[in-house]
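Okay, so chain A shows up in both of these, paired with chain B first and chain C after.
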Partner chain A sequence: MFQIILIPECGKNTLPIQGFSTIIQALVASSKCSNMLCSEKEVQALTQQWLEYVTVCVNHADLPVNAKRVFNELNTVLKDVTYITGTEKTIADVTLYYVLHSIMKELSGQEKIQYIHLSRWFDNIQQEEKLRQDLDLISFNLLHIFL
Partner chain B sequence: MIISTNENNPNALKLIIAAKLIQKTFIVKVVKSGDAVLGRLPTLTVSSGLSLFSVSSALRLLLPISKELEVLNNRWLEWEISQLQPTILSYTSARTPKILQKSDLWSLLKDLNSELKNKQYLIEEHSNLSPAFILSPADISIWVSLWSTILLPDIRNDISKDLSNVNNWLINIEKQPVIQISPTKEKEMETVSQEELHNVEKSWTTGQYPEVKENSYPILPKKGERNILVTSALPYVNNVPHLGNIIGCVLSADIFARYCRQRNYNTLYISGTDEYGTATEAKALQEKTTPQVICDKFFDIHNDVYRWFGIGFDYFGRTTTPEQTEIVQAFFLRIKSQGYVSSETVEQLHCESCDRFLADRFVEGTCPRCKYEDARGDQCDGCSHLVNAVELINPRCKMCNTRPVIKNSIQFFLDLPKIEKRLKEYSITVEKEWSSVARAVSKSWLRDGLKPRCITRDLKWGIPVPIEGFENKVFYVWFDAPFGYISITKRYTKEYKKWWQPLQDTKIDLCQFMAKDNVPFHAIMFPAYLLAANQNYTLIKYLMATEYLNYEDKKFSKSRGIGVFGTDARDTGIPADVWRFYLAYIRPETQDSNFNWVDLATKNNSELLNNLGNFVNRALVFSEKFFNSTVPPIEAEEADWTVLALAQRELSCYINAMEQAKLRDGLKYILAISKHGNQYMQFQQPWVKVKGTDDNKKRAGTVIAICCNLACLLSALLAPFMPSTAKQLRSQLGLSNKSYGYIPETITNMLPTWHKIGKPNPLFTKIEDQKIEMLRKKYDGQQETNNGISANKVSDESITLEAAITKQGNLVRELKAKRDKSIWQPQVEILLDLKKKLNDLKNNVNTSEKKLPAKNKKVEPIHAPEQNGDALTDVMALEMAIAKQGNLVRELKAKEDGSIWKPQVEILLEMKQRLMDLTGTAPVVVDKKSKKKK
Partner chain C sequence: MAVGDLKTDKGVEDLNTYLADRSYIDGWQPTQADVAVLEALGKVPTSSNPHVLRWHNHIKSYDLKSLPGEKKTPSIFSTATAPTSSTAKASEDDDDLDLFGSDEEEDAEAAKIREERLKAYAEKKSKKPAVIAKSSIVLDVKSWGDETDMKEMENAVRSIQMDGLVWGASKLVPVGYGINKLQIMCVIEDEKVSVDLLIEQIQEFEDLVQSVDIASFNKI
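Presenting the complex of A and B:
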């Protein structure tokens, strides 16, 4: 039912690391951008919360009914903040971007407007080329809908 | 912190456990999931405003984990939420339950089992901060998920059979103290419903706060109002009252009466000394003076003691008054005319060697009912039944120990069997409201059936029997004493009949306070007299009896100098209000309780100083500092209504408890209010907000105003217990200290906006350990020995030394924690030197003074206290020191390595050896508890 990801050689320790968000955190911690986890305790807690959210909710958003709830929730949260944890970009934003990309791509213009805060956030994140790598830029040029 | 959850959400339990482990205060709010952000519950909201719906993240925030173990902890937290929870859900909701061993759940449990191989916990030694942190987020989370869902007995059986690692892990977790306290109870206590919030908001905005009405002399009952007549058992005059007597009657009655006055009931509190009887007569003989002189002397002693304790009698009288004689004689004639008195020739005990009839109290013997050997002539302490002196087996004269002979004499008897039926009818209507010990005693009396009671005696010091031919006899003290309540009321006002024989439409509640030994006289005898008189006298409605108070696990004993008597309390330098507080706190309401010095200091320092005093002082100081000593305007939000609703809940409980004279509970509810206040203030952080934006400042103002109002409420609630403290607090609040403030049923806005407060000052002071130790020794009865002076000197010296040792010990501990050895080593030398001196001092005492081998203490602890007093002190001091050292060693072993704790172990062993030398018993390996009790 669940796919468990094993990465035996992560970092210097030899113990295998399991679990989607655990692996991400471990990777970030041992990478050059360990600041993406944020050292401030409360932001770190929020980051972990959203990574967990990705694991238990967004990863199941391939079903339309789940997707709807996830979009609604993210849209609510992003109404007031720039990044998912507040004012700093963290690994949670990056992870969300990647798991959402394939679903966001399918959204109609109308839907993008419906989840306008989520769209604004997504568009902001995907502008960074280093982060986007070879994923397609999704168009959020929604002006034509209002015309 | 606030934990918001919906009903029965086990995930909230995880947060509660973590919050308790780190000892953070928190409030649990039950909300509907629709009201939560994203509809996900539970959430944890911390003081910065951050709110988390992920339980794992919240747990990690509360319980930080060392870096190396973070990955492991994350992995199992993720496993719990992404695998365990969904699997449990599908297992438990499956329509046809699968065989456990073939389910997905079982394979997950097997994973857990292999992870736990050779491990006590999933995440071990993850924090070196404190043993409280032994449970990691992962352990808590997984345990709660399993325990709250599938750990039914049969599944547990399967686990213990096949998954021994998981089984051991479950046992390890379940023996943690934090798991053993039932969290559900706490949850119920702390959750506030919307209705409560609504109610408190309504009473706050619309309710009026009434004044306490002023009473003018004389206080009389009024038609249609609540009229309370409070009495405390009349203390017998030739005893100096001790702490147990004080809390047993006068102080309890005083607290209750003060409460009633602050509720605007018409309240009259009377008491006085009971002065007639043989004991006084005998004492007068002994001191070669008249009984009246003895009575006058002791009346003053009692009066002084009670005045110092702040007992607010409306009238404190005595029984040797013309009013008493007149009332008792009139009652006797009335009861006789109603046909309830008969005369009979009785056999009475006469002591040939003292040449007198022996009063009941002057005979001792074996109780005919329970065979208790030291039964008194009037009552048996073993079974608390009344005894007829001539029925005692093997009677002996208490004065000269010879066996008295039986002589004949004509006496009057009260025909109790004749009144029994009416007494029973009456008893059924009132006893529901009595304290349990009162109910038990009166029930057993009526069940056994009543017998005629002799009410006259062949004595001189008493009220003469007004019948020809009986001039040489007086009334039995227990016939005359209860009428003291009436005669003392008459001394207070000529209109005393309004209290005792009220008009039909005026209702009087007579509340009588006493210790349990007085119950038969108030539950049976006194009502019997009044019913027999048949003139509509006010009968007892509430009988508030207490059990006994012990002193440091011993009985109070004036002759052996054990305990705090009379004016001793004043000499301790501890304020009367603190005594009142502590005595009420340990009031023996449902069982015998125990006075303990260390406990007194702890309660003073933790409850009064840190809880109550801290709260009101902070509230007032903030008002003084930031709002120019005024009460700022209130713009209340939910958090403010919540604290008021919590306080309202405690207030209702307080009223409920106090109405039933459950004073101990009443006091606890007061402390609960200030605890809520402290948490509220801690959470709202007005000291931060006051420096913020204008909105923040307003918020801070609201918080301070709410806290000042709570302080005002507390001043009223506290006043019955600690009147002079309450007055101080009221003047600090800028209120008139003419009255103590009305005790309301609902919380209202008591201090108007911009009300000017007074000058805040700390209400309580800390009681230091050394002082307590000194007092404990002083009243321990050990010094009144034959060689009292030298013993005193030695013990003074050793007290000074011990104090110095404690101080030095603290210094050393502090230094050890922070500095390196070169700095603390010299201090250790000093400490060791001091300890050696103390040892020498004690050894000197033991060798220089002739003494019995301390072993004797075990055999006859009571008969030889004088001779081995010092050895005894020594043994006790040693036992305490051993317990202390034992703790130190345990603590060190847990944290430090051998080089540090080994020397301490040596010391411990040496102490144990010395104890063995002293007591002659082998130092059994015992834990500290049983050691102390030995």
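Presenting the complex of A and C:
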């Protein structure tokens, strides 16, 4: 749906900004939360990579087969890190949260356990009210019973 | 759930389970509680506890001093000082949720506390100096007759030296007909000195000593 967008601050820019990842980055850069794009080059690169991943893989996670693969991949990544790009929350976390919310909502307790790292990450991200907006809080409360 | 002493492997495993579905020790952002637990942990966790390792690396990436919150360890972390009360509280709190795990945890906790107490007791015991059993003895040393030089006899008796034998005061007690016996006190360490051997040694001064009796024998 976001194919072309014009950002007011970039008005003098003659070329319109195109593409999911680029648009998000441009929006964040011009927003009050520009710290969501980390200043470290490595983290920036990772952020871009994960934004691409959202378009290429997570967007197709409405099919159960794809969802399983995506969940496995994310779970593996989140095993060693607290946020998807490492130790700082970036726009990639936020984007993934919105994209995954509808799918995570459907997961059973058993599946949440299976993707325990993903669940932990998701639970942590969704706690910020400003970020959650009007989305439901997904319950991960009883996870420790299954562990 | 409760987390045991972080200095033990069991405690770190507990922490690992605790952090499996949590990003931070307390709440949803790094706080001083994380710092407190990090310091309590002390060492870098091994990869056998992946959740602790991830959390450790994450917290390390912050400037520890700048994190918000009060620096105190949450109640689920039992420390050596208050293990019983905190576990009791934690299990009470969890009663409505944790239907399966609490009993087992409590048992493990109780066993751990018992072990700690036993260890502390053994340590205390080993530090206490072993009591050296001593006896105070008064010996009656009888001479052959009134011609015996009592002074010489006393010197002879006192010349006996043994490890753990200390001679004490002595006096001459008249027996009758101008004959005296020597009463001499000594303190011996029971383990090192045999009274029989001591008496035998005194009786070896055959020229001077007729017989030796034990007048009194007291444990100190």
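Note that in this section the second predicted complex is superposed on the first by the 127 of 147 C-alpha atoms of A that agree within 3 Å, B and C clash if a C-alpha of one lies under 4 Å from a C-alpha of the other, contacts with A are read in each partner's own complex, and residues count from 1 in each chain.
The definition used in the following text is that contacts are C-beta pairs under 8 Å (C-beta built on N, C-alpha and C of every residue); 3 or more make two chains touch, one makes a residue touch a chain.
Computed from a prediction, not measured in an experiment: that's the story for all the values here.
In this overlay on chain A, chain B fits alongside chain C without clashing. Once the two complexes are laid over each other on the shared chain, residue contacts for A:L27 go to neither chain B nor chain C. Applying the stated contact rule after C-alpha superposition, one finds that A:V56 touches chain B and leaves chain C untouched. Aligning the two complexes via chain A yields an angle of 90° at the C-alpha centre of chain A, spanning the centres of chain B and chain C, rounded to a multiple of 10. In the superposition on chain A, contact of A:I103 is made with neither chain B nor chain C. When the two structures are aligned on the shared chain, A:T82 is found in touch with chain C, with no touch to chain B.
Touch criterion not met for A:I138: it reaches neither chain B nor chain C. Closest C-alpha contact of chain B with chain C, superposed model: 11 Å. Note: no residue of chain A belongs to the chain B contact set and to the chain C contact set alike, using the contact criterion stated above.
Only residues 37-38, 46, 48, 50, 52-54, 56-58, 60-61, 64, 70-72, 74-75, 78-79, 81-83, 86, 104 of chain B touch chain A when the two sit together in their complex. Against chain C, the residues of chain A that register as touching in their complex are 79-82, 86-88, 116, 119-121, 123-124, 127-128, 140-145, 147. Taken in their complex, chain A has these residues touching chain B: 1-2, 13, 15, 17-22, 25-26, 29, 41-42, 45-46, 48-49, 52-53, 55-56, 73, 76-77.
For chain C in complex with chain A, the residues that touch the partner chain are 1, 17, 20-24, 27-28, 50, 53-55, 57-58, 61-62, 97-101.
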